[in-house]
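Look for subunit A in each of the two complexes below; its partner is subunit B in the first and subunit C in the second.
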Partner chain A sequence: MISLFFSALIYASLALCVLLSYRVAKVVNLSFGSIFTLGGYLSVFGLFITPIFGAWIGLLLHIGSKRMDASKATIFSLGIAIAIEEALRILFRVENILLDSRIFYFFGYKLVFEHFLASMISATFLILFLAFELKKPFSRLKLKVIEEDIENAELYGIDAEKARAIVLVISSAFFCSIGGLYLSGRVISPTIGWLYMIFSLFIATIANVFREKAYILILPISFGVCWLV
Partner chain B sequence: MIGKLKAGLIVGLIVFLLFCATPPQTPTSQPQMPEIKIGVLVPKTGEFSSAGLVMENAAKLAEKHAKEMGYNVKVIIYDCGDKPETTKTAFLSLVREGVTAVVGTYSSPQAMTAADIANESKVVFVASVASADLESKVKTGNKYVFRNAYNTSYWGILAVEFLEKTKAKSYYLIGYEPLKTFNLGMFSLIKNSTKAEFRGESWVKSPTVSPEDYKRVAQEVAKKDVEVIIVGDPGLGSVDFVREYRLAGGNATIYSVGGTLALPDILAKLNISGIAFQAAALEVKAKTNLTKKYFEDYRKYYGTEANNYAGILTYDAILIVTQAAARGGDLISNLERGTFIGAAGVYEFDENHQAKWGSEKLQGTIGIYREGRIQVVS
Partner chain C sequence: MLVGIAIRILVLVLLILPAFLDCYTKLLAASALTLAIFTVSWLYLEKDLGWASLGHSIPFGVSAYLFAINPLLLFFSPLTTFLLFPLSIFGKHTFPFASFVFSVFLWYLAHHIVFEGKGGEEGFRAPSINLDLIYLISVTILILSCLLIWKISNSYFGLKVKAVRDDEIAAKAIGINPLLFKVFGFAISCSLASIAGILHAAIFGHVSPGVFSPYFSLFPFVAATIGQGKIWSSILGSYTVVFLSWFLSPYVPEFHYAIYAVALILASYTQSYARSDRSV
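Let's turn to the complex of A and B:
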């Protein structure tokens, strides 16, 4: 049960990133899977570099797709995903890398330390976002206006492009960091991140049905989906 | 006038002598053997892509080694994905390229589809990984399909051999849903052939449906009192399962069908004692002069240890087709009657076009990782 709860936390935060990209940046960011994998490969050199590379790719995606409509931006993100995958194949050559991990005892349970850390970071990310949602009504309103219509948001003087850049940079940095931690102890290959992205996309799609309540309900939905499957 | 005639005669004589002195023209190169084009179906994308990369590397290595042996071979690699539909498209593309034969595919449904397309297009197909019931295709008149990989029975025979050798009293089966046909066939043979007590079975869902399902299964199985756990997943998930199983307190010996859990560097880094695995060949137990060359060159060119099943058997399938095609005449007759050297042993095919695994010159190997090194069980 405890590992189920930790997994649900991680998937909820990843799904939140997918949902924010879709609603605010207007892109179904298909590069998240490869960014997650990239985090795993980069963790070989040090975990601290994972958010930097993730943020850089998020910025690249923003700059490259800011003048595109949603469908073209989504295809552009797929292009980035394939480019990352191919780069990993070329740079790392070997097909199977087993990442290091450390064992950690949590109330008598044996856990992988890096997975535990990923869960804690995810929990913090969710709490911070919910605090933003509940405590900052004006910022929340701005986000809602962008989500509904970017042109309207610009008419109201909201810098939608800046919001888009922030969302893509933070979500990509987050995916890369969690990839670096959550893939620890696993054998990785350049395509492994797709599994996590598809699962997060699945949770985000269900949450999106609940429209305004989506961000609040994302954790219980993630828990329910993890438990069911 | 006479002087001019003399000069003409002298020049003519010189030209004649020069002509006679010119060595006869020799061909600059030996006449080339006709090119043997071999199509390889590799799952570069989809659920089996990690095995696909190994198969692709092994196919390129086979082409290189075949050329070194003097064969004029060209290997054409196509992505067959993880579904029968994508396999069909890739197979037909290879037929359009004019290949002599097609080798490869990964899962059983893919191999069954490839066998049907081989029959329709009259192009030989050699299944190098899948254990599907291809013999039934041959029995019903499809003479274009061969298999150099194990059939389901042999997978089961090896697992039973391990249970008998280790005198295990009980066992538990862990199936992998994307390879259900293969796992069910193998499990059925084990249940019917061993004296060890069957303590149950669990199935790990496809990671695309549930990436964490191995945790549920590992925690469930860790509570069972059992001596040997037989794992049917040759992919990356098997490592996740083993790690989670040990974390949950399970201490049974794990017998894996190979693949990722047969890689020496993975086993060394994982450093969990009591992981047994089957391999078509092991570097420490050379079967032909190609065994060592395959493992050494794979490491040299790709910077990693050779995968022991999907890779080596794809390598062997290409060499088998090359040797058969180079003999000239009908490829099918050559395959049916010939003897072919590969890295895993010496191949011959039975009346159902199945490689004679279990014969004296072609046997699988069982290894176990214990006390920091791989030991050969049989």
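Let's turn to the complex of A and C:
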């Protein structure tokens, strides 16, 4: 049950990133899976570098797909995804790597420390975003206008490009750092991230049906899907 | 004009020459050939209907699996149209992404397909056919596919398909049923992709979940990008990807993915997708 709870938290936060990219940055970011895997591989060198690399890729995505329509930006993100995978194959040579992990006991349950940390970071991220969503500060309202119509937002003087860059950088950095933590203790290969991305995408797609309430309902949906699976 | 003729001659040489070479080269050429048929099927969907599929491995892989499980099931392979076509409800902009995600989903699902104790990650053994014979069949099918697409494209019926591609609402206004022509276009494309999948299974005598992998999903897109959307150049593009991967794989693991990454990034800057935004 604890494992289910932690997984649901992680997938909900990943789905939130997917949803934000889709709604604000107007891109179905298919490179999230590879960024997640990259985090796993980079964790070999140290966990602190994972968000930095993730943020750089997010920035690259933003610059590369600026002013592209949704389908072209999606294809561009897919190109980036495959480039990351191929770079991992070339750099690490071996296909599969076993990542180290630390075990600890939480109320008598045996847990992987890195997974616990990933779920705590995810929980913090979700709580912060939920507070941002419910409190509706001025920046949230700006984001809402961008979500509804990017051209209108620009007419109102909102810097949509900046918002897009921030969303892509933060979501990529988040995916990369969660990948670094959540893949600990597992045997990883360059294609492992696809599964996590598809799963998050699935949750985000269901949440997207609820339009306005999507961000609030993302956690219960994630619980439901994780429980079913 | 001269470049076009040179490409046609080069393709014909590539089709004929391997028939006289050793078994391994012939196997490699046969693989490139089936993928060329696959590319032609994709190109029809993109050029004449305006739907850029990144999940064309769905009809390709499902047919290969059906053939491997029971060769009699191959008669159901045209029905794979109805696996890809429903994704068109997402619209032309989201279709590439939706089809790709569905193919990745099938890739994972295929690992769990077990029939009479066989399958799973190892896949199924397919009926193996003599390499010379299958090579001859593949060459014939590729030429027939090109002729069929050329014939349909230039027919009255093909013009209606293109009208639906350009503007569905205008097409409806002049009495064309867009749904019918879309289904027809998808059926032609998926049937050719299915044939390519069956030939692929017959050449290697084996089908694994890899037939749904991004390698196959993205292959026609990449080959068509190299060939700049023209049929003969795209066939040459298919050969280029297969042979380059084979030559460079010992130095760069899975080199085709490097080609894919470059092609996808460049294509997002150069190619145009989704010719018509309107849907009925």
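In this text, the second predicted complex is superposed on the first by the 227 of 229 C-alpha atoms of A that agree within 3 Å, B and C clash if a C-alpha of one lies under 4 Å from a C-alpha of the other, contacts with A are read in each partner's own complex, and residues count from 1 in each chain.
In the analysis below, a contact is a pair of C-beta atoms (placed from the backbone, for glycine too) under 8 Å apart; a residue touches a chain by one contact, two chains touch by 3 or more.
Remember, it's a predicted structure, so these values are computed and weren't measured experimentally.
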{"item": "Clash or fit (per the criteria above) of subunit B with subunit C on subunit A", "value": "clash"}
{"item": "Subunit B versus subunit C as contact partner of A:3, first or second or both or neither", "value": "first"}
{"item": "Contacts of A:112 with subunit B and subunit C, given as first, second, both or neither", "value": "first"}
{"item": "Which superposed partner A:91 touches (first subunit B, second subunit C, both, neither)", "value": "neither"}
{"item": "Touched partner set for A:198, first subunit B, second subunit C, both or neither", "value": "both"}
{"item": "Which of subunit B and subunit C A:187 touches, first, second, both or neither", "value": "first"}
{"item": "Which superposed partner A:79 touches (first subunit B, second subunit C, both, neither)", "value": "second"}
{"item": "First (subunit B), second (subunit C), both or neither touched by A:65", "value": "second"}
{"item": "Superposition clash, subunit C against subunit B - the stretch among 40-48, 58-66, 166-174 or 256-264 that is involved", "value": "58-66"}
{"item": "Those residues of subunit A which subunit B touches in one complex and subunit C touches in the other", "value": "89, 93, 194-195, 198"}
{"item": "Touching residues on subunit A, where the partner in the complex is subunit C", "value": "28, 30, 64-65, 68-76, 78-80, 82-83, 85-86, 89-90, 93, 194-195, 198, 201"}
{"item": "Residues on subunit C engaged by subunit A in the complex (per definition of touch)", "value": "52, 54, 92-97, 100-101, 104-105, 108, 214, 218, 252-254, 257-258, 260-265, 267-269, 273-274"}
{"item": "Subunit A residues touching subunit B - in the complex, by the definition given at the top", "value": "3-4, 7, 89, 93-96, 98, 100-101, 103, 110-112, 185-189, 191-192, 194-196, 198-199, 226, 229"}
{"item": "Residues of subunit B defined as touching subunit A within the complex", "value": "45, 49-50, 53-54, 57, 205, 207-213, 215, 219, 236, 239-240, 243, 247-249, 260, 263, 265-266, 269-270, 302-304, 307"}
